[in-house]
Amino acid sequence: MENSAKQKITEDLLPQKFGKQGKIWVAFLLILCIIGFIAYCRQLSKGLIVTSMRDYVSWGIYISNFVFFVAISLVGSLITAVLRLTNVEWSTPLTRIAEIISVAAITFAAIIIVVDMGRPDRFYNLFIHGRLQSPIIWDVIVITTYFFISILLLYFPLLPDLQILLRFKEKTGNGLNKLYKFLGSFWKNTPAQIKISNKAISILCITIIPIAFAIHTVTSWLFATTYRPGWDSTNFGAYFISGAFLVGAGGVVVAMYVFRKHYKLEKYITEDHFDKMGKVLVMLALLYLYFNINEFLVPAFKMKKSEKEHLIGLFTGEFAVVFWFAITTAMILPILILILKKGRKPFPAFIAGTLVVIGSWVKRYLIVTPTLLHPFLPMQDVPNEYRHYFPSWEEWAIAIGSLAGALLIITLFARIFPIIPIHETITETEEHEKA
Amino acid sequence: MNTNDKSRREFITAGLLASLAVAGCSTKNNPFEPDAIDSIKPSGKMVKLLSVDGKVIEVDEAFLKPVPNLPAVSNDAARVGISGKKFVMVIDLSRCKSLKKCQSACDHMHHIHPGENWIKVYPMQDSEHTAPYWQPTTCMHCDEPPCVKVCPVDATFKRKDGIVLIDSDRCIGCRFCMAACPYSTRVFNWEDPGLPKEIAEQPYSCETSMPQKKGTVGKCDFCPDMARKGELPHCVSACPNGTFFFGDLLEDSVTNGAETFRFSDLIKDKAGYQLMEDLGTKPSVYYLPPVNRNFPFENNEQKEDKKS
Amino acid sequence: MKKHNHLFITLLLSCISVAVIAQDAKNDLSLTLSYFNNNNQVQYLVAHAKSKIDGRFQMIPGINVSFFITNDSSGNLLGKSVTNDKGEAFLLIPPTAKEQWNKSAKQTFVVVSQASKLYDETKASSDITKAKVKIDTTDDRKITATVLELKDTAWVPAKGVDLKIAIKRLDGDLNVNETQTFTTDSTGSITAEFKRDSIPGDINGNITLIAKVEDNDTYGNLSTEKIVPWGSKFQYVSNFDERTLFARRGKFPIWLGVIAYSIIIVVWGILISLIFDIVKIKKLGQEV
């Protein structure tokens, strides 16, 4: 391949400085994070009373946010690992996007869970007094493990790109250059190094898949190991994982579109990518729809006394609007859009992806709260406010702040590192030309 | 029904003093099985008394004083519990009139934050044609407690004597136990409980569940501090109708202070049952069905709710 | 001068009247005194302080009371105590009562509560005749309890006394059969049949029987105990030390430990070897 072609690819994919839009976006996210932080300080001083959670709805949108983050973080294993292992080449430009979404999401999953704790000052108790019998301890173990695997899966493929980045000191600036040196100046692209690195990446890809399954299955067990209607289901592991793949894929489509438009990467994230991801998204949405049907229709057929109120509440009662909104936006509409060839063009796909993400967030809320409002024994002998739940401003601020924080990590990462692997793109283009 | 508070109280204290006095005077062992942690040790200090036949006798002081000032048991001892006992409670639903004296006594003695009752009295009606009744609901102290299974830091634990307690010094406030409990019996300190200074500054004792702390979970604890003194939990003593019975399954006896029954006979004769035992939690609280009610079921709260 | 005197007297009178009015606002304290005799050995007095507040009787803690024998002259003071949060004050009868106690079979005890801001000085007394309860048992599980009272110097049967015969349990006493209360006959005795078969006792099967006279107007409260081997042997099985899902920290089921730890060791072993791979790559890079 000609050097000038290589140079073009490299220059296209180098991380770019923030333009005006970029700066406004970062400032906006920072403000949301700061508001969230202020709300958290209030929560630390006054206690969880600043939320709307009370004795019945003892888990609220912090936990649904946690589940949402864990769900989205599975995208790393899907796009990066599964597609890599199956030698699907069109996924190469998307692997780093998927991986950083994964890392950002899992980081904030850990943060939001600490936010939800009544006594975060006793966090260390989890390690010195941890009980192996508790699903929370299993969750702590798998989340930590998954975080490390994801970081490594981000790091190894980054090494060749670091070598490239080090050549462009004038463009990247002194500060970032120092960072690149610290992270990977030892990478010389020798065959020996490449061999070790490729092997490592393969091992990581294989290992991450069961861990990704474990992380979301264990998170689903936080609910499935209780007796409550809506949670007492054997279906939960598979139901959660299929939902996770769906929202992860939706997130990737959204990110693809934004990066493509903003960094002018039309040659690398092509319309074909949207077409293929669109198809993947349709399949995942149909799969999730299948699990939803199992999850709701089967208990509805039986209408057990303990589950009846819960199901009616979801289908036609106080949660009906939210429930049908979630089903429509997360599954029905995206399927309808993406099943058409025209729907798989970049912009419609982006809309479908956004709908998936929003609908999935609302779906996670529906998993957590309605069940808690239908306990076995009547909600009596408690103050009236215990019988309802609508998040307070502090909860919204913190939840939105955590989402903003995750987006901030992704945005800043794209500023520092090439969001599309440069070295792999060059290598693949070369191989295409040979073929 | 014996509603004479004075006589019941004196009965209990007399029984206590008698047992302690006998413990000092005879060679019978301490009522609690000889356990290094539990037995009352002779203090060595002898007290002179006038005996009934007009002679002066000496008895060790430790066996005579009622023991309200027992030093709080250590955290390790509180986690093990009282050996040789298995506490159970029987609630007679035909006697409950929703006076909620149990609730106010429990709230008062444990300095519970208002709105966070550990005992809740529910108006129940199992289905359309079945009898309505009031159901006082405490923690069931299950023998297979779902709350204990899920606690990540061993902050809630089951003891030898069957009681499930909470260590508010260890609780991280994750509220998984609250999600896991099917009886909705656990409450959470969403804010600072607002205790008087002297109580808030005391070191936390698992057995009194005091002082309650912000950001931790609380629940009925079967008053193990009272059991160590040989006294009944506060709810049992507070009910004027004698609805609550408390005792030791291994002694096969439960009492509400005034009346004592053989536990196995009581449950068999009155068809006692447990709440939601099909979930496999093995609760330690038994209910006697509301047969031959002492008074008709009246739900004034519902009427008031409808008005407002 | 005279004018000042008038003023002074008026002031004094008004002060007194105010004081009188203030005194009238005091609540009435209801004091009761009970005598207890356990096992014919230990005897003590219990004073109970109650007051009607807002139409309901409440126990009053913190009242200083003094106990006396025979009458409330200072030479007959037995001891002082303060009522606890249940409104009760206890006093074990001390050796100083010996002289008065040995004078006659009929005794009087007096309790006086100290006057305070809220309550006037209140007195209560209790007259008792010395009495004792005996328990005898036969091998075929029949219990005979006798109440004897002291007449001058002789013990004579006490007729028509209500008795309870029970088995001592943790917080209460379980009747030996369906009869709640027995009444002594002309010989001062009652017989009861032990019907609580296989009631759990201690490790050797011993249980403690108790015969109680409660709140008797003449005799006060009497009780006697006897240990008999009529219970079933106590068997204690606890799953506290078993490995279960609900056990304490280190007591997880073996299968759980094996699965969890093997997964952790394998996966983290892989991750650590990958860290070493990075070190290897670094070394290779530095050689070139």
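Think of it as A, B and C in the order they're written, each chain with its own count starting at 1.
Everything that follows uses one rule, which is that a contact is a pair of C-beta atoms (placed from the backbone, for glycine too) under 8 Å apart; a residue touches a chain by one contact, two chains touch by 3 or more.
Just so you know, these numbers come straight off a predicted model, no measurement behind them.
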Name the graph shape formed by the protein chains and their touching pairs; answer line, ring, star, complete or other. complete
Kindly work out which chain lies most centrally, taking the average of its C-alpha atoms as its position. B
For chain A versus chain C, what separation do you get between their C-alpha means, in angstrom? 62
Inter-chain centre distance, chain B versus chain C - centres from mean C-alpha coordinates, in Å: 16
Whole-Å separation of chain centres (CA-atom averages), chain A against chain B: 47
Please output the residue numbers of chain C that touch at least 2 other chains, ranges allowed. 245-249
Taking each residue of chain A in turn, which ones touch at least two of the other chains? 129-131, 133
Contacts with two or more other chains, residues of chain B listed in rising order: 146, 149, 154
Sort out for me which residues of chain B touch chain A in the complex. 103, 115-117, 120-124, 137, 146, 149-155, 170-176, 178-180, 182-184, 186-192, 213-217, 276, 279, 301
Quick check on the complex: what are the chain C residues that touch chain B? 32, 34, 36-44, 46, 48, 50, 84, 86, 88, 90, 92-98, 101-102, 130, 132, 166-175, 196, 199-200, 202, 208, 210, 214-215, 221, 223, 225, 227, 234, 236, 238, 240, 244-249
List of chain B residues in touch with chain C within their complex: 6-7, 9-15, 17-19, 21-22, 25-26, 28-29, 31, 33, 47-54, 56-57, 59, 64, 66, 68, 79-81, 83-86, 144-146, 148-149, 154, 157-160, 227, 230-232, 246-248, 250-253, 255, 257, 259-262
Touching residues on chain A, where the partner in the complex is chain B: 46-49, 51, 53-56, 58-59, 116-120, 122-123, 125-126, 129-131, 133-137, 140, 222-223, 225-228, 372, 375-383, 386
In their shared complex, chain A is touched by residues of chain C numbered 245-249, 252-253, 256-257, 260, 264, 267-268, 270-271, 274, 277-278, 280-286, 288
